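Both complexes below contain subunit A, partnered by subunit B and then by subunit C.
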Partner chain A sequence: MNDKNKIIKQTFQKVFDDLEVVLGWKQGFDSLHMTPAFIRKASDLDQLVFNPQCVQNLSGYLFSTLKAADPEKQGKIGICVKGCDSRSLTALIQEGLVERDRVYIVGIPCKGVVDVKKLRNLKPSLTEISGITIEADEVVIEADGKTERFPIADVLAHKCLQCRYPNPLIYDALIGEPVTARVAQDAARPAVEQLDALSLEARRNFWLTEMDRCIRCYACRNACPMCVCQDSCIAETRSPKWLSQRSDISEKFLFHMIRTVHLAGRCTECGECMRVCPVDIPVTLLMEKMNCIVKELFDYEAGIDPESKPPLQTYDSSKTGI
Partner chain B sequence: MKKYLMENLQQNSTEEQKIRIIGFLCNWCSYGGADTAGVCRFKQPTDLRIIRIPCTGRMDPMFAIKALINGADGVLVSGCHPNDCHYSVGNFYARRRMEALKRFLPFVGIDTQRFHYTWVSASEGQVWQQVVTEFTEKIHQLGPNPGFHINPDIQQPLSLAL
Partner chain C sequence: MTECYYISQNELPAVLETVSGLMDVWVPLKTGTHKTAIEFAPFTPGCRPIFDRQSTSSPKSVLFPQSETLFKFRYLKDESDPTRQTVALTDLEEIRPALVFGLRPCDARGFLVFDKVFLDGIAKDPYYAKRREKTVLATLACKTPDSACFCSSVGSGPGDRQNSDLWIIPIDDGFVIEALTEKGREVLPRFGKPAGESQIKQAEKVQKHIDGLTVGKADLTGAGSEFTRRFTDTEFWRDQVSKCLSCGMCTFNCPTCYCFNITDDAHGLEGERLRSWDSCMFNHYTREASGHNPRPEKYERFRNRVGHKFSYFPERYDGMMACCGCGRCIRNCPVSMDIRQIVRSLKENADV
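Showing the complex of A and B:
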């Protein structure tokens, strides 16, 4: 057990009496996978871990956990957040979906998380991992008794390679020292730029090929912390009937466009949608592009300031403005 | 279904000028403006099919997207001028959504010229005639919209810096 895990545990122990449940990460079915932990007993706090395999954005569980919480007790919910997760949490607070005083936030500065798919491609035989550490431009993996180094681009998740906010923006307790961001605040998104450079026809073909694979499992929606209408999602309603059960590319694409439109100015680029996609569609790119547009038009980034209002939920009343 | 759509699309590309444009017009201004243009007997192109909406604030960007993905050749949205909205602020919300959508469309391979939003008041019959004529001409230049139905036979999928 390393120092960080110990501090996380101690931080929660101090306030555990006020908390109804603690959301953190614990080890999953093997040493490569970490899984979300819902801790209700103080003795279980030992299970909490933090390492580069803690990829899940826990703020996605917050909305439903708060809804299911005992309304009489009004207990707080403890939650661990990385930099990107804290933006999702801020966005939820902004929209009044989560009350700030009902959460106890433990912020953890993060150097990036591992993309399990990338790692599996690199080392298909990986079984016992004893530790993954992230240095400036290398990932050190200790596995099966050996130590190996890989360039970060080969192992880290897509979102981490262009991470602007590695430090939590909102927290009650901070674990460890803040880290420096990997890219500048106004740095471009390489994948989006690459697509933008193509011709209109090539872009259309790209999305047609990608969307053709979609199996409409809706995992991207279910993993998204900002897709809060889940049970009454318009993709599944009969009235209005936006989508049919046909497996046509246009129907699949329409579903992704619904998400893009609904997340315009709200998406915090936590990358959960792309991580959970079983057929590897780069769904995040749609939101990233929309975020670039929102930044350009309204000079706004989602999940930064809990007091501000998402730009598409307000307006500018001047005659010539947008 | 797919076969039918393919045939339909092929027909479109061979038959000259079979163009479908969808117009979403606000009940209070632009629909009245189009009516005025009709009453004044201004000559207008006939490719536009008008859908009356209560306010451009009701204009869900998905309406435009669904039409364009399913093969409409152009989408025109028209409402009251800013500050003249019947519901005070409906068109202010609409303006933001429409502008964001307009800039987004090229990213998925839809020509941004196929989508246009504008403001026309109920008395501006002449302006309406001009708007609709210009937009229709532009769409005719662009030709039919291929839509999002046919799977392209891509030899080598694109790999991005992800």
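Showing the complex of A and C:
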């Protein structure tokens, strides 16, 4: 067990009696895939790991886990968060969906996580690995007794390449030393700029082509920590029936547009929507664009300050011009 | 091996192009800006089919589209009696012949599950039947199983020829293709020229190697009674599925999931009846008109998925699993759920 894993375990051990469940990561079906762990027995804390394959944002489970928790006990939920995950958790607190004192947050400074789909593209037969290390410009992968190095852009998740908040912004315990952000806080967003540079027509075509592949599996919605409607989503309500079941671009486009608007000023750019999409639609890119607009109009970023109010949840009649 | 053809890798694109003039040709292609998803898509000149790994989505959409119009309808006013209406229906669309090239044995087995339900059941499904009749399945013997695959655990295997029309064996610089059915024999002569002795020898060697592979550790057949015994063990099921997101990714990409929904799409007096994929992972699955939902909780719906594949289906269809072990629901699941592990856990500590 490496040091970090040990410290995570010890940290939770100290407070375990106050916790109803601990949300962390453990190894999944092979050493490349980590999977969310719901730990209810202290002896299972041994399973917890942290490595660049811990891709899932566990904050998404908080709302439903709290709802299902024993109301009598008012026990806390222990949770591991990376920098980006901590923003989602903060946003949930801001919106009153999670109570701060019901969570025990273990924050883990993060150098980035891998994009398993990119990796599969790079090395189709890769399944068992002995370790992945992230350096400044390269990712080092050890597998089959060999060490290979790849440029970060080929392996890391899109969000990590432009991560401005690698250190958790909210926590009760921090594991290890803070890391330096890959880019400055006001850094440009090349992917958004690239799209903005296109003509309106070309941009429209880009999104139509992307979204045409959508199979409406709703993994993007269900993995999103801020998509809290889920079972009551307008995409599936029958009355009123906003969307038809036809597999048409118009329906798919509408779903994504509605979702984008519903996440305006709420999306924390955790990248889950893009990560989980089975047909490789860059869903997060839409949200990023929306966030740029929100930033410009309201000078606001979601999930930074637990005390501040999201702009679309406030109404200030003295503000004009919006 | 009788009736074998050989085609080199270089010649294949030109042949697929010619064949696509005669029928719709579906091949596994990388799609999207980042080219990380592989889907079965129509062959276009210059495209590069991916054979070195399994496709992200299954080819089921070729025979069972995500959404299809069953018929169109139009209400007509009855001139003689204004209080009455009649309905005019339009015919089904013409189905074009198709070739699916480069699916895997697990995918072909997926269609075997569909065949049981849509062809051999109490009612034959005319939409599926028409497409099935006109579709040639050209299956690639599978040399590249990965850590999510488990076809051997469910009674199949990477060399399983059942349900394919053409059987493709990859050899050094090309493919040896064998016809397994009459449909296959009809298109076979388009694929290169009759294979030579050395090519056949090579293919036999590859086939033997593949037949020797066991893909998947445990035997997952015959879990029906364990499933029944565990059915009311709520704690077990809740614990197994707590991390599941209830999305439709696993079922929509699964080659054996066939649940569908039927909805009417009407605008004014005209409309159409649609059949579209449904998923037992969704909250509204089998929710009744009254609002009652027989499976309101996530664990109940997930239990249905496991039960359907490993208990109800084999009970109904001579022990056949409604899972071909393709591993898509494991490999692509956002949270790495592992259905194998759940079925194994059913069998372990069976006495509860």
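As a convention for this text, the second predicted complex is superposed on the first by the 317 of 322 C-alpha atoms of A that agree within 3 Å, B and C clash if a C-alpha of one lies under 4 Å from a C-alpha of the other, contacts with A are read in each partner's own complex, and residues count from 1 in each chain.
The criterion applied here is as follows: contacts are C-beta pairs under 8 Å (C-beta built on N, C-alpha and C of every residue); 3 or more make two chains touch, one makes a residue touch a chain.
Values in this document were obtained by computation on a predicted structure and should not be read as measured data.
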item	value
Partner chain in contact with A:38 - subunit B first, subunit C second, else both or neither	second
Which superposed partner A:200 touches (first subunit B, second subunit C, both, neither)	first
Touched partner set for A:121, first subunit B, second subunit C, both or neither	second
First (subunit B), second (subunit C), both or neither touched by A:282	both
Subunit B versus subunit C as contact partner of A:246, first or second or both or neither	both
First (subunit B), second (subunit C), both or neither touched by A:231	second
Intersection of the subunit A residues that touch subunit B with those that touch subunit C	246, 248, 282
Touching residues on subunit A, where the partner in the complex is subunit B	158, 190-192, 194-196, 198, 200-209, 211-212, 242, 246, 248-250, 253-254, 257-258, 260-261, 264-265, 282, 285-286, 289-290, 293-294, 296-298, 311-312, 315-319, 322
Touching residues (chain side subunit A, partner subunit C) in the complex	28-30, 32-38, 56, 60-61, 115, 117-118, 120-121, 124-125, 127-128, 210, 213, 215-219, 221-223, 230-231, 236, 238, 244-248, 272, 275-276, 278-282
Of subunit B, residues touching subunit A in the complex	1-2, 60-62, 65-66, 69-70, 82-83, 89, 92-93, 95-97, 99-101, 103-104, 106-111, 146-152, 154, 157-158, 160-162
Contacting residues of subunit C [partner subunit A, same complex]	31-37, 39, 52-53, 56-57, 65-67, 144, 146-148, 239, 242-243, 245-249, 252-253, 261, 263, 265, 274, 276, 279, 282-284, 330, 332, 334-338, 340-341
